[in-house]
Amino acid sequence: MKRVVTLGEIMLRLSTPGYNRFVQSQDFDVNYGGGEANVCVSLANYGLDARFVTKVPKHEIGQSAVNALRRFGVDTDYISRGGDRLGIYFLETGASQRASKVIYDRAHSAIAEAVPEDFNWEEIFDGADWFHFTGITPALSEKAAKVTLEACKAAKKFGVTVSVDLNYRKKLWTPEEAGKVMETLMEYVDVCIGNEEDAELVFGISAEDTDITKGEINHNAYENVAKQLIERFNFKYVASTLRESYSASDNGWSALLYDGEKSWLSKKYDLRIVDRVGGGDSFASGLIYALVTGMKGQEAVEYAVAASALKHTIPGDFNLASREEVMTLMEGDGSGRVQR
Amino acid sequence: MKRVVTLGEIMLRLSTPGYNRFVQSQDFDVNYGGGEANVCVSLANYGLDARFVTKVPKHEIGQSAVNALRRFGVDTDYISRGGDRLGIYFLETGASQRASKVIYDRAHSAIAEAVPEDFNWEEIFDGADWFHFTGITPALSEKAAKVTLEACKAAKKFGVTVSVDLNYRKKLWTPEEAGKVMETLMEYVDVCIGNEEDAELVFGISAEDTDITKGEINHNAYENVAKQLIERFNFKYVASTLRESYSASDNGWSALLYDGEKSWLSKKYDLRIVDRVGGGDSFASGLIYALVTGMKGQEAVEYAVAASALKHTIPGDFNLASREEVMTLMEGDGSGRVQR
Amino acid sequence: MKRVVTLGEIMLRLSTPGYNRFVQSQDFDVNYGGGEANVCVSLANYGLDARFVTKVPKHEIGQSAVNALRRFGVDTDYISRGGDRLGIYFLETGASQRASKVIYDRAHSAIAEAVPEDFNWEEIFDGADWFHFTGITPALSEKAAKVTLEACKAAKKFGVTVSVDLNYRKKLWTPEEAGKVMETLMEYVDVCIGNEEDAELVFGISAEDTDITKGEINHNAYENVAKQLIERFNFKYVASTLRESYSASDNGWSALLYDGEKSWLSKKYDLRIVDRVGGGDSFASGLIYALVTGMKGQEAVEYAVAASALKHTIPGDFNLASREEVMTLMEGDGSGRVQR
Amino acid sequence: MKRVVTLGEIMLRLSTPGYNRFVQSQDFDVNYGGGEANVCVSLANYGLDARFVTKVPKHEIGQSAVNALRRFGVDTDYISRGGDRLGIYFLETGASQRASKVIYDRAHSAIAEAVPEDFNWEEIFDGADWFHFTGITPALSEKAAKVTLEACKAAKKFGVTVSVDLNYRKKLWTPEEAGKVMETLMEYVDVCIGNEEDAELVFGISAEDTDITKGEINHNAYENVAKQLIERFNFKYVASTLRESYSASDNGWSALLYDGEKSWLSKKYDLRIVDRVGGGDSFASGLIYALVTGMKGQEAVEYAVAASALKHTIPGDFNLASREEVMTLMEGDGSGRVQR
Amino acid sequence: MKRVVTLGEIMLRLSTPGYNRFVQSQDFDVNYGGGEANVCVSLANYGLDARFVTKVPKHEIGQSAVNALRRFGVDTDYISRGGDRLGIYFLETGASQRASKVIYDRAHSAIAEAVPEDFNWEEIFDGADWFHFTGITPALSEKAAKVTLEACKAAKKFGVTVSVDLNYRKKLWTPEEAGKVMETLMEYVDVCIGNEEDAELVFGISAEDTDITKGEINHNAYENVAKQLIERFNFKYVASTLRESYSASDNGWSALLYDGEKSWLSKKYDLRIVDRVGGGDSFASGLIYALVTGMKGQEAVEYAVAASALKHTIPGDFNLASREEVMTLMEGDGSGRVQR
Amino acid sequence: MKRVVTLGEIMLRLSTPGYNRFVQSQDFDVNYGGGEANVCVSLANYGLDARFVTKVPKHEIGQSAVNALRRFGVDTDYISRGGDRLGIYFLETGASQRASKVIYDRAHSAIAEAVPEDFNWEEIFDGADWFHFTGITPALSEKAAKVTLEACKAAKKFGVTVSVDLNYRKKLWTPEEAGKVMETLMEYVDVCIGNEEDAELVFGISAEDTDITKGEINHNAYENVAKQLIERFNFKYVASTLRESYSASDNGWSALLYDGEKSWLSKKYDLRIVDRVGGGDSFASGLIYALVTGMKGQEAVEYAVAASALKHTIPGDFNLASREEVMTLMEGDGSGRVQR
C-alpha cells in the first residue's frame, strides 16, 4: 500500500442548504475541506495510506476537522495542535446563470501561523512514496511558506516524489509574491498540475504564438504552456483540467497530461453539477493515485478525469468515489443506471 | 436615492420542500410574497428606498410578513394593521414534465377588505418617484379596486411615475370585470408590463394580421400588441417577458421593451429553474430600477431580463440578487464560475 | 369502480437526502415501497379499488408500511401479520455520471417466509377484475413462489385478468431458477410487461436476426421479442418501456405495446430525473389502469408512458400523479407552466 | 368491533419546529387535527371502527387531511368534498413560563359552510354504536349547528349512544349563543365531558356553596357541577379532566367521572409535556373506548386519563398510543424503562 | 417613542441543533447576536426606537447580521461597513449535568478594529434618551475601548442616560486591564448592571463582612456590593440577576435592584431552559425598558426579571417576547396554559 | 497509552427525530452503536488506544459503521469484512410516562455468523491491557458464543485483564441458555458489571435474606449479590449501576463498586434524559478507564458514574464526553453553567 503525504490547510466549510443565498439561510451545512486534505480523503478512499499534515486548534472545532478526516481513514497522527482558530469558508451554491460564491475567513488560522518546529518531517515522511501540496499553502503566510519549503526539502531528502497543484488564489497574494515563492519550491517538484491562468499569473508563462484553427486551440495552447513549464522546471509531468463553464449547473470536463514529449487528452464529460468545490483536488488525487500505482499516459489522465467527474456529483469538498466506481466510469459506463 | 412605492397583497407562502407533492409533505417551507412586495424587496436590494403599502392582521403571522420585508430593508411604516387574516398560497414545485402547482387561499384577507381610510396617500407618496401595482390588487375585491384607484389618483397628483403589471388572474375575476376596472386605472399609468395573453383577456387586444415568417412572429406580434396598448392608453413604455416553457425544469427567457416607436429585444437565457415564482415580478423590479435610475432602451431591457434570469435560481418569491450581480450577468458573464 | 389485486413485498426504503452518499449521511428519508405495492398506490390514486396482499411483521415498522398504503387509499384488509422482519432497501440517489445505488437487506422478510395458509384467495379475489404480480415475488423464496402460484391459480379460477412484470433480479435468483419458476406461472398470465433483458435472461428469448437500419432497431427488435413471448405463452399483450440512460440525471423514456398483430410505440419524453425508483412500476400501473378502464392500443401505451414520465419527478417509490395529470400530459401539455 | 362516528372540523395545523416562535420560523411542521378527528384516530388506533364525518375542499390540501386520517385507519368514506378552504390553525409550542399560542384561521371553511344535504345520516349511522361531537362544531356557523342537530337526531333515531365534549371556544361564539345552541343539543346526549369553566360559560352552572377544606375542593366542587349537569340534562355520565398547569412544560393530570350517584377520581400523573394540543380529545377517546367496550367507573376513568397522559408525549394532535400501551400505564408502569 | 442607542459587537452564532455535541454535528443553526445587539432587538420588540451601532464587513455575512436586526425593527442606519470579518461564536447547548459550551472566534472582527472616525456620534445620539453598552465592547481591543469612551462622552454631552452591563469576560482581558479601562468609563454611567463576580473581578469590590443567616446571604451580600458600587461611582441604580444553576436544564432566576437607599428583590422563577444565551441581556433590556418608560423600584425589577425568564424559553440570542407577554407574566400568569 | 480491546456487534441505529413515534416518522436519524463499540468510542475519547473487533458486510452500510468508529479514533484494523448484513435496531425516544421503544432487526448479521477464522487473536491482543465484552455477544448465535470464548481464552493467554457486562437480553436467549454459556466464560473474567436482574436471570443469584430498613435495601442487597458473584467466579471487582426510573424523562443515577471486601457507593445524579441508550455502556467504559489508569475504589466508581451521567445528555449510543468533562463533574460541578 503506497503512502502519500500532503500538507495544507483544512477549513470549516459552512454552506447554505439547497440553493439558498447567504442572506436567507437559517442554517449551514457543516463540512471540512481544503485542497490537500481533499486529496488525502480521496486517496484513502482508493485504498492508499494517506497522511495529512496541518495544524489545528485544540478546541472541538479543530477536533471536528480531524474527525472528518479520520472518518474516511486518513492518517491524522501528524496533525499538530495549537493556535487560535480554524480557517473558515462560507459557500453559497449557485445554479444556472448564478455563480457559486465563496467568502473566505481564513486569516490567522493555526496552520497559517504554524512554525517549522510543529512538524517532524523525518517521522512524517517515513515510508512515504509521494508528497503533494498546492499553491494555497505557501500563500497563507510567510510562516506557512517556510513550512512548505521545509517539507519539500525533506521530501526530496527522503526520495519522495513531489507534486504541486499551482492553484493561484488572488485573495491570498499577488502574482509577484506567488511567483517569487513558488519559484523556489518548483525545484523539488516532479509533477505539476496547473491551468493556463495559473501558469501565466504565477510564472508569466503563456501560450506562444500558434497558428492553428480555433476549437483545437485550447489543447495545443495548453500543451505549449506545459512544454514551457517542463523546460523551465524540469517536471516529469504537467497536467491540467479543461473546464468549460456553460453555467453554474452544467460544465464540460476533460483534462490533458503532458510529459514533455507526448500529450494525452482525456474523454470529455458533460457534467450536471451537484457540488463543484473540490473538483480540481479530485483530479489531483486521481492523477496521484494513477501515477503512484503505475498507470501511464492515457490511462492515468482518464482515471483522473473520471474521478473528478464523479466528484462533481458529491456534496462536500471530499471525493467519496471508490476506485471501483472510477474504473467503471473510465471504462465507459456513465449511463447512470441504478446499481442494484 | 430614488423612492418607489408599491401597493398590493403579501401572502404567506407554504411550499413543499424539494420536489415533494402536497400529499406527501410533512413540513412546509415558509416564505412571504406577492407581486408588489416582491418588487419592493428587489428594489431595496438594488439600493433604492422601497416602500410597501398593504394591510395585514395584528397577529404574529401578519407581523412575520412585515418582518420578512424589513429583513431586506423595505420601508414598512405605512403598512396598515387589522383585518382577519393574511392571504395564503400553497406551492408545490414541479420538475420536468410535472408543472408547479399553486393553491390559493387568499379570500377575506386584510388587504382584500381594506378601505381607503386605511391609507394616508399624502404621507405615503411624500418624496416618491415611482408607484407600481399589478392587476392582482384591484382583482382582490371591490374595496381593493377602490383603494388602488385612490392610490393611482394620488400618485398622479404628486407627480409620481406609475407602472402596472397587468397580471390577469382567472381565479380572481372574469375578463369582463378585469377589463372594466383596469380600463379606469390605465389613465394613470406610464409604464405597462403585460404579455399577449394579458392584453387579450383584459383589453381584448390581440396581434393584428401580420405577414411574417414563423420564428420571428412572437416578437413582431408582441410589438404589434404593444403598439395597440400605447395607442389606446398613451403609455410611455410597454414591456413583456417572453417565456419559452420547455418543461418545469428548463425555460428560455427573454423580453421586449417598446416605446411606441422602437422596440428592444433582450438577449435570451436558457434557465435551469430553481424557483420560478416571482420571475415576472423580478422583471418588473429590474425594469423599474433601470428606468428610474436613467437606463434606456436596450440597457433597460437587458438589466430587467438579467435580473429576472437570476431570480429563477433563488428560492422564495423574492429576488435576492444585487445590482452588481445583475450587471455582471447583463455584461455577459453567465458562466457560473465560482466567485472566490 | 374496478378492483385490482396485487401480491408482493413492501419494503422499508431508507434513502440518503439530496445527493448524499451512504458514507456521509446522518439521516435517511423513510419511504415504503415495492413493485406491486407501488402499482396499488398508483391505481388507488387513479380512483380504482386497489387491494394489496402481503405479509408484514406485527411491530410498528410493519404497521408503518401498512399505514403508508392506507394513506393513499389502498385496501390493506388482506395483509397478513406475522414473521420476523420487514425487508429493507437502502437507496443512494445518483446524479450525472454517478449511478443510483441500491443495497438490499430483504432476506428473511415476513413475505419471503409466508405460507399459503396466510392468504384466503377466495375472499381476496372477491369482486376483483385484475391481478398483478412481478417476477420479484416468486424470486423471494420457494415459499413465496408457492404463494404466487396459488394466487395465479385462484385468479384464473375467479376469472380475473392476470398481468406480470418480469423484473428479473440477479441478486435473488439465477436465470435458470427464474426460468423454471416463471415458466409455470406464465400460463395464468394475460398481459406481460418485460424488457429484452428480462426476456433473454428468464426465457432465453432474444431478438431474431433482423436486417434493419440502426436507430430503428430497438423497436423492431423488441417487437420481435414480444412476438416470441406471445407465441410461447399466448399473452394478450406484451409491453416494455424503452429507457435511454444518458446519465443518472437525464433519460429518454418511451414504451411499446404489442398484441401479437400490431404494435404501438409511444411518444418519447426527455426526463429530468428526481427519483427513478418505481419508474417501471408506474408504467405497469398506468398500463393496467388503461386496459382495465377500456383504453386500447396507442391510447393505452400513451397513458402508461405519460404516467411513468410523471413518476420520475416524484420522490419515493409511489407514483402520486392523478388521472387528470396523466391525461393532461398525454394530451400534450408537458410545458411545466405553473398551475394556478 | 364497535363502530364510532364523529362529526366535526379537521384543520391544517402549522406549527413551528422545536420551541421557535412564529416570528423566527422559516418552516412549519404540517399536521392535521381537530377535536372529533383526533377522537377518531385514537379509536382506530385502539382497534375500533372509527368513521369521521366532515367536509373538505376538493384540492390537495383537503385530500391531505383525508390521507392523514386514512393513514391511521379512520373510515373516511363519508367525508363530503367541496367548499372553498380547509380551516387552518397556527401553533407555537411554549415552554416553562411561556405559554403555547394558537392562531386560528378557520372562518369560511368547507365544514363551516356545509349543509344538511352534504350528509346521508342513514348510511353514516349504519351499524354505529356511538356518536361523538364537541361544542366546537355547532360553534363554527349556523349551518354547522344545523348539521350537528341533524346528526344528533339521526343518532338517536338509530339508537346510537351520544357523547359531547363541551369545549367552549370564546373566539367562535359568546356564552349566550353557546348556551342557546348547546341546550337544544343536550337532549340527545348520554355522556358529557366538560370542565367547570365550560359548565359555567355555556350553561351557567357553577359549584354550589360547599364547606370543605382547601385541596379537596376541586373534586367536590366539580362533582357538584356534574350533579347539576345530570339533573338538568339527564346524562348517564359526566366527566372532566383536572389539569394543574404548573408551567407550559409541566402539568398535573387527572380526571373525575360521575354517574349521578358515584364519582371516581383517577390517579394523577405528573406530565413532562411534548405536545399538549389534543390532550382533552385523547381523554374523550379514552373514555369512549372504555365505555363502549364495557369498562366501568374507576377502570373507565383510569383508561381515559392514562391514554391522555400518553398523548401529552406525542407530537401532533393525534393520540398514537395503542390500547396495550394505555393498559400498561393504567396498570402502573409509568417508569419509562426502555421497551426492548 | 423613546430612543435607545447601543454600541457593541454582533456575531455570527453557529449552534448545534438539539443537544448535539460539536464533534457530531453536520449542520449548524445560524443566528446573530451579541450583548448590545440583543438589547436592541428586545427594545424594538417592546415598541421602542432602538438603534444599534457597530461595524460589520461589507460581504453577505456582514449583511446577514444587519438583516437579522432589521427583521425585528432595529434601526441599522448607523452601522459602519468595512473591516475583514464578522466575529463568530460556536455554541453547543448543554442539558442536565452537561454545561453549554461556547467557543469564541471573534478576534480581528470589524468592530474590534473600528476607529472613532467610523461613527458620527452627533447624528447617532440625535433624539436619543438612553445609551447602553457592556463590558465586552471595550474588552475587544484598545481601539474598541477608545470608541466606547468616545460614545460615553458623546452620550453625556447630549444628555443621554447611560447604562452598562459589566459582563467581565476572562478570555478577552485580565481583571487588571478590565479594571483600568472600565474605571474611566464608569463616570459616564447612570445605571450599572453587574453581579458579584463582575464587581470583584473588575473593581475589586466584594461583600463586606456581614453577620447574617445563610439563605438570605446572597441578597444582603449583593446589596452590600451594590452599595459600594454606588458609593464609588455615583450610579443611580445598580442591578443584578441572581441565577441559581441547578443544572444546565433547570435554573432559579430572580434579580435585585438597588438605588443606594432601597433594594427591591424580584419574584423567583423556576426555569426550564430552552436557550440561556442572552438571558442577561434580556434582563438589561427589560430594565432599560422599565426605567425609560417610567416604571420604578419593584415594578421595574419585576418587568426585567419576567422578561428574562421568557427569554430562556426562546431559541437564539434575541428576546422575542412582547411587552404584553412580559406584563402577563409579571402580573402572575406563568401557568403556560395555551393561548387560543 | 493503555490499549483496550472489545469484541461485539455494531448495529445501524435508526431513530425517529425528536419525540416522534415510529408510525408518524418520515425520516430516521442514523447512528451506529452496540455495547462494546460504545465502550471503545468512549475510551478513545478519553485518550486510550481502543480497538474494536467485529465483522461487518463489505457494502457501504458496513463501511459506514466502520467510519463511525474511525471518526472518533477507534482502531478498526481488525474488523473482519464479509457476511450478509449489518444488524439494525429501530429506536423511538420516549418522554414522561411513555417509554422509549427498541425494535431489533439483528438476526443473520455478519458478526452473528462470524467464525473463529475471521479473527487473529494473537495480533489483536498484541500490546493490549484490557479486554471487554458483554453478554450480548455470546447471545447472538452459537458461532458468536464460540468466537467470544476464543477471545477470552486468548486474552488470558496474553495476560490481558478481562471485563464483562452481563447485559442479559431476553429477545436473544433464555436464562437457561445464558447461564450455561456465560458460566463457561466467567472463568476468564476479572471485572464483572451487572445488575441484580442480570445476576438472577443468568446465574440464579439473588440477594439473601437481609434484615435491614427500607431505603437502604438496594445497596445492601446489591452488595450481597456482588459478594455471591465474587465467591462463585472469583472476580476482582463487581459493579452495578443503580437506576431509579421516575419516568422516561427523569432518572436517578448512581452506582456501586465492590471488591469482595469493601463497597463504594457513588454520588447520585438526577438526570434529565436526552438519550439513555448506551448509558450502561458509558458506565462500563468509565469504569474500565478508571481501573486501567489506576484509579481505585471511590474514585473509580465516581468517574464511572459521572461519565455515564453525561452520556444521558448526548444523542446517539456513543459517550462523547471527554476525560476533562468527566473529571469536572465528578469533582462537583454539575451546575451546567455555560463554559465560555
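For clarity, chains are labelled A, B, C, D, E and F in written order, and residue numbers in each chain start from 1.
Simple rule for what comes next: contacts are C-beta pairs under 8 Å (C-beta built on N, C-alpha and C of every residue); 3 or more make two chains touch, one makes a residue touch a chain.
Source: prediction; values computed, not measured.
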From chain C, the most remote chain by mean C-alpha position: E
Angle, in degrees to the nearest 5, of the Cα rotation that carries chain E onto chain F: 120
Centroid comparison with chain B (C-alpha atoms), farthest chain: F
Distance between the centres, which are taken as Cα means, of chain F and chain B, whole angstrom: 62
Gap in Å, rounded to a whole number, between the CA centres of chain E and chain A: 45
Overlap residues in chain D, where contacts from two or more other chains coincide: 21, 23, 26, 67, 72, 101
Chain B to chain C touching residues, read off their complex: 18-21, 23-24, 94-102, 104, 169-171, 245-250, 276-277
Interfacial residue positions of chain E with respect to chain D in the complex: 72, 269-274, 306, 309-310, 312-316, 318, 320-321, 325, 329, 334-340
Parts of chain D lying in touch with chain C, wherever the complex brings them together: 67-68, 70-73
In the complex, chain F residues that touch chain C: 14, 17, 21-23, 25-30, 59-61, 63-64, 67, 84-86, 88, 90, 92, 101, 103, 105, 107-108
